[in-house]
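Just so it is clear, A, B, C and D label the chains in written order, and each chain counts residues from 1 on its own.
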Amino acid sequence: MSGKTVVRPYGDTTGDGMVQVSFTLPVPHDKRGEGAALQLAGKMGLDPAMLVHARAMGDGFTFFVVYGRVGHLVDLAAVRVAERDYPLLTAKDVNGAVRRRLRRKLSVVGACIGTDAHTVGIDAILNVKGVAGQKGLEYYRELRVLNLGAQVTVPELVEAARAERADAVLVSQVVTQRDAHLHNVREMSAAFREAFPASRRPLLVVGGPRFDEMMAAELGVDRIFGRGTTPGEVASYLVHALTARRAAA
Amino acid sequence: MSGKTVVRPYGDTTGDGMVQVSFTLPVPHDKRGEGAALQLAGKMGLDPAMLVHARAMGDGFTFFVVYGRVGHLVDLAAVRVAERDYPLLTAKDVNGAVRRRLRRKLSVVGACIGTDAHTVGIDAILNVKGVAGQKGLEYYRELRVLNLGAQVTVPELVEAARAERADAVLVSQVVTQRDAHLHNVREMSAAFREAFPASRRPLLVVGGPRFDEMMAAELGVDRIFGRGTTPGEVASYLVHALTARRAAA
Amino acid sequence: MGKLGLDPVTVARARALAAEAGRPVVELARSHTTVSVERAVLRLAGVAGADPDGIPWVNRLVDAVVADVGLGHGVALPVFDALLREGVDDVTLLAQKAAAGSVRFAVPDGRFRTAARRSADRHVRAGLRRIDRRRAERDRLVARCGDAPRRPWIYLIVATGDIFEDIPQAQAAARAGADVIAVIRSTGQSLLDYVPEGATREGFAGTYATQENFRLMRAALDETSAQLGRYVRLTNYASGLCMPEMAVLAGLERLDMMLNDSMYGILFRDINPVRTFVDQRFSRQVHARAGIVINTGEDNYLTTADAVEAAHTVTVSQLLNEYFAHEAGLADWQLGLGHAFEVDPDLPESFRLELAHALLARELFPDAPLKWMPPTRHMTGDVFRGNLLDGFFNLVGAMTGQGILLVGMMTEAVVTPWLSDRDIALQNVRYVLGAAGGLHEDFVPAPGGFIQRRADQVLREAVGLLERIASGSLLDAIGDGTFGIMRRPADRGKGLDGVAAHEPGYYNPAAHLLEVS
Amino acid sequence: MGKLGLDPVTVARARALAAEAGRPVVELARSHTTVSVERAVLRLAGVAGADPDGIPWVNRLVDAVVADVGLGHGVALPVFDALLREGVDDVTLLAQKAAAGSVRFAVPDGRFRTAARRSADRHVRAGLRRIDRRRAERDRLVARCGDAPRRPWIYLIVATGDIFEDIPQAQAAARAGADVIAVIRSTGQSLLDYVPEGATREGFAGTYATQENFRLMRAALDETSAQLGRYVRLTNYASGLCMPEMAVLAGLERLDMMLNDSMYGILFRDINPVRTFVDQRFSRQVHARAGIVINTGEDNYLTTADAVEAAHTVTVSQLLNEYFAHEAGLADWQLGLGHAFEVDPDLPESFRLELAHALLARELFPDAPLKWMPPTRHMTGDVFRGNLLDGFFNLVGAMTGQGILLVGMMTEAVVTPWLSDRDIALQNVRYVLGAAGGLHEDFVPAPGGFIQRRADQVLREAVGLLERIASGSLLDAIGDGTFGIMRRPADRGKGLDGVAAHEPGYYNPAAHLLEVS
């Protein structure tokens, strides 16, 4: 693997390009329907495509499973990822850095906004209990954490951030149907921009299992955390970002 | 559905374009690997693409599951399928047609060629027992069937076709790894072309679960039958094709 | 005797403790009312529709009454007093007038009280009769179309957000074998203090529960039931700030089951505990009358708490839900007590732990249907593994005789169910029930073996916890995070301002008629 | 006593009938030889390598002997006679000379015979000693690395066609939990009347079985075993026209298990029955000596015949395989008798039928490891359903104490397994064994219930069929399509021309040494 920058999907032989695809089409199950499935597979780049399963569902819908080879090359050199651009610190180091550089407690306000009531994710980051064997931010002596819980409105959140003089606002969004998470985050970042002058705006950090971490700028936030985030990563990021800011200011 | 000729994949809302994809890439599981998976999904047309599962396997391979929306449209009007261009006959009608138009028994030779030993498919078509409640071709009074079984070489098959004065040769291919089925069929059709003048060459019919039925011309055969073929379809086709040929001759 | 050899004395003690812990809460419910209870009464009395902004007339009317006389007397007497005084016949019309500010409300006295009460009773009785007719209609349809062919009933979720996408999907699911269709609500709805109106197409991760959506879906399923020769049940959610009204609307539109838990709203929607306990009691009285099966929400605890550590909290909650349900008039066959397959699949013997837990519920509540919920928390984006876990969940359901099998989806961690997910999930259920449905015959937990020991342990832990709760108070226990690790103090949470203690002379014609019956 | 309450008299009768039916076939095997048996002897005596066209020297040498004196005397005496006469020391060198046409062969007499025999014995004994050393080495490595942590052993297939792709895949599978790796052979190989040579990269749907491929894979797995602290076993196929040679090569390269069935080649490769019975007996004698576990192929019958109708043919074949195996010197621990989860999953109670069949095998052969094969025939392109079926297959394996679990792949109906398929399949196995591994404790087929009745019925049908076979002949039964609905008359099929009846004075030093030991 090492060194190679262009790779292909792997079924059982290097370079075979094999992938599996499934989808439903709003067509009855007949030869034409199977042809339609192969057409779609072709457009996705499967060539040859093997239609291995087709099953009629209800009236006029058919589910298909297709296997086949794609010609697409994956260029590892062109992969863009949100790389961790800060060192991972221990709790002790985080506390030390806050004490040294901020000379006061770092204030964090967290919430699930909109109608989202999935608190397990934000609780995993904030509550002492934590996740994956790591304690949450409440456990850090130099962090002051207010977890507002679920279904917090954007005005409530802005208000709490102001009252708490929040250095960072942490928002969780788990429900993604109809892009609810994207709408809510955009609304939130706009409100913070309106309510605070740029220099005093708290750091806006968003998390949830279905975010694209590359979208931070687009959504107007400072950072996005995805599936499997640990509290340590978040704490390290906060220290890094806030002290960088201070340095810049 | 009726009338609509352009459709999209359907997750839970008309037009949502949602599909599921899985594949392995020869990359370790890290952020870069996940980015590579998203790049591939993007090339397949998924936008947005949600990487929902990634799992390291062995050294330097990762399995990914991606969900997302594809923009591709499926144009039903442009679907090319091997339509059934002959009427489906009952066994009685098949026998009647052969008697009337051929005035002798129709001779069929069947085999699995190459190193393929999967006889269940060809037996389903040829043996009295049949499949899916339909009797096989041996059951048709006006058909004379010789089933050579498995792992027949091409020269043996040509020889048997000659000896039996075969009107049709039926070949099954189930193993497809490394395109074994395509190689074997090409070899077979070339041999028949060499051994018989065009006018006397038996009808070449190929079947198996993983063929693309549109490839008949490319493989040099008269017809391809895929997954779930029934003996009745094959018998009806033989009558149609052989009497059409006779008419043309 | 059962397969677990449970000690009958311990079981009886658990029930007695649950009653002891629940009794003060029932007292609370009997002595308070809420805006939603009162709106529910008005819905029974015939108020329907909404203003041009979509605010239901019942809300406008209750708000007007509260503004004039407060909530503690109940709205029925002031409203019917005004009706008589204004000489209008239609309560909705009165609501419109009240909204326009042209009606004043007072608490009637003496013969005005008697007259108002008589009028209120008559109107509400008419509403209850509509509910009775829908119940009789259900019985008739079940007799005519035929019922689900076996237990467990197969329960499927539809959740597109658009009632007109939901309908064909629900019909397809029914044709594919679902016995019960649940239309999931939009994420925001349970915190709305009103019930939206009309057919809706814009929910998030669920479709708004409205009377019209209920009607549309029930009509569609009636059509499908007739085609299939099998009555397909419809479910929605009574939970949230409008629990009592939802119960009424469900009764009026012949829904067949309702999610209705005594504590879910408190724990998972941060609704005020008193508000919830008052609302749930009234809503359950309505369900009892409507012949609706309730589904409780113990499964949810295991999404926030650990399914092994917290197994006994499920049992405790089931016993409390049973007590509250019986007290509100529900019969055992109406108790779809919830529990779930949420043990970490990587834990050794996790499947046998599930069997032990599921069998414990089965044997503690032999006459309740029990709602068996699929794995959610440990589902991941690995959909292949997901379908496998769902299969083992189905197997536990079959081996322990669960009454209602909520079908798990391989995409649990990914999206609200797609059409194909439901189809794959139903195939899974069909396979397991068909291939291994009779396995309970050969499933005999070894005496003193792993399964019996585990069930016994959970039961003993439940009794221990009930003792602690009964010697303190249930409200305190909820405040302490006993259930689902959620801490919910009695004086916090949403909707508290919609609660009032009964004033002397409080009158609720519906409660009256329902208690009597 | 067992969970099925099988009647010991019926069981004993079934075994006696199998012996009666098998005995004439053993007689046949004792009185005939084949080209492959003779080549195997030469391989033991040290002939190795191939000519520039890839034809092994053992083939060239046997062909030369047969051309001069025929096969019926065995090749050992002519070859070692020639060796002594030619004054060469290396048998491979002799083969090269013979191929060049510069050696003539004769059947030696008198003291030449004695001398040839002594030399042959010495060479073959050296070969057997190499096998003995590999067996001891296995024992040592198992002791040193540790053995598979539990039964069933998890058995995974690798089938890329390219030994250099196979190796990393096998190592990855082992690391992911496989206890046994099988390298599937290329589709064409079993009908080749020679064993290809060297490392190969061009198989179809499998990789050629060659001595060098054996060596490469065993070395790679030895490395992985050491890393893992768990000895990972390697399997290949002793079926086809070269069964005896495969057995020798397996012994020499320390393979641990071999697919080796007394009838598979006849039924599924159309190899001549006599050829097969002669070959299998010799190959089993070698396996017995090498400490190799054999895997029989009854599972295959259920891919062509119906798994319910033909369930008893599996039992009959297992009994025959057992008889032939014991006769050839194999111990019970070496008998991986085959059976499979192939009942149509749409059949009601299919899972319980599988349990009945699997448990019957388990209780009939309590000391044999048993090889439990996954669903193949009813697998479709619906890979989600496929993974589910595999899970239930794994569950039967766990509940009935199977010794070797051949891991099913969700892509069974699609492709030879991909890297990811194996990983998903192993996760499946791990889940089932971890979560429900102890379920057998609670699995007690109801006395007189569905499972006991079914097992009893299959056993009685097996006895009935054995009676018919014993009163006729096994060769006729095979000719009639008794097994897998394949009709295979004794005078047809491939490889018949490589069979010869022993001439008086036939000598086979290996057979001699193996029978004696």
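We adopt the following convention: contacts are C-beta pairs under 8 Å (C-beta built on N, C-alpha and C of every residue); 3 or more make two chains touch, one makes a residue touch a chain.
Small disclaimer: the values here were computed from a predicted structure and weren't measured.
Asks: Among all chains, whose Cα centre is located farthest from the one for chain A?
Replies: Chain D.
Asks: Which chain pair is joined by more contacting C-beta pairs, B-D or A-D?
Replies: B-D
Asks: How big is the gap, in whole Å, between where the Cα atoms of chain A centre and where those of chain D centre?
Replies: The separation of the two C-alpha centroids amounts to 52 Å.
Asks: Using mean C-alpha positions as chain centres, tell me how far chain A is from chain C in Å, no decimals.
Replies: That gives a centre separation of 33 Å.
Asks: With chain centres defined as C-alpha means, what is the inter-centre distance between chain C and chain D in Å?
Replies: Between these chains, centre-to-centre, one finds 60 Å.
Asks: Among the residues of chain A, pick out those that touch two or more other chains and give their numbers.
Replies: In chain A, residues 10-11, 14, 18, 20, 22-24, 50, 52, 55, 61, 176 touch at least two other chains, as defined above.
Asks: On chain C, where are the residues touching two or more other chains?
Replies: 161, 169, 382-383, 413, 415-416, 418-419, 424
Asks: Quick one: in the complex, what on chain D touches chain A?
Replies: 159-162, 165, 169, 380-383, 411, 413-419
Asks: In the complex of these two chains, what residues of chain A are touching chain D?
Replies: 10-14, 18, 20, 50-53, 55, 65, 67
Asks: Which residues, counting only chain A, touch chain C once they are in their complex?
Replies: So the residues of chain A touching chain C come out as 22-24, 55, 57-59, 61, 63, 114-117, 119-120, 149-151, 175-178, 180, 209.
Asks: Chain D touches which residues of chain C in the complex?
Replies: 345-352, 355, 382-385, 387-389, 391-392, 410, 424, 427-428, 431-432, 434-439, 441-446, 449-451
Asks: Enumerate the contact residues on chain B facing chain A in the complex.
Replies: My answer: residues 1, 4, 7, 9-11, 14, 18-28, 31-32, 34-36, 38-40, 43-45, 48, 50, 52, 60-61, 70, 72, 74-76, 78-84, 176, 210, 212.
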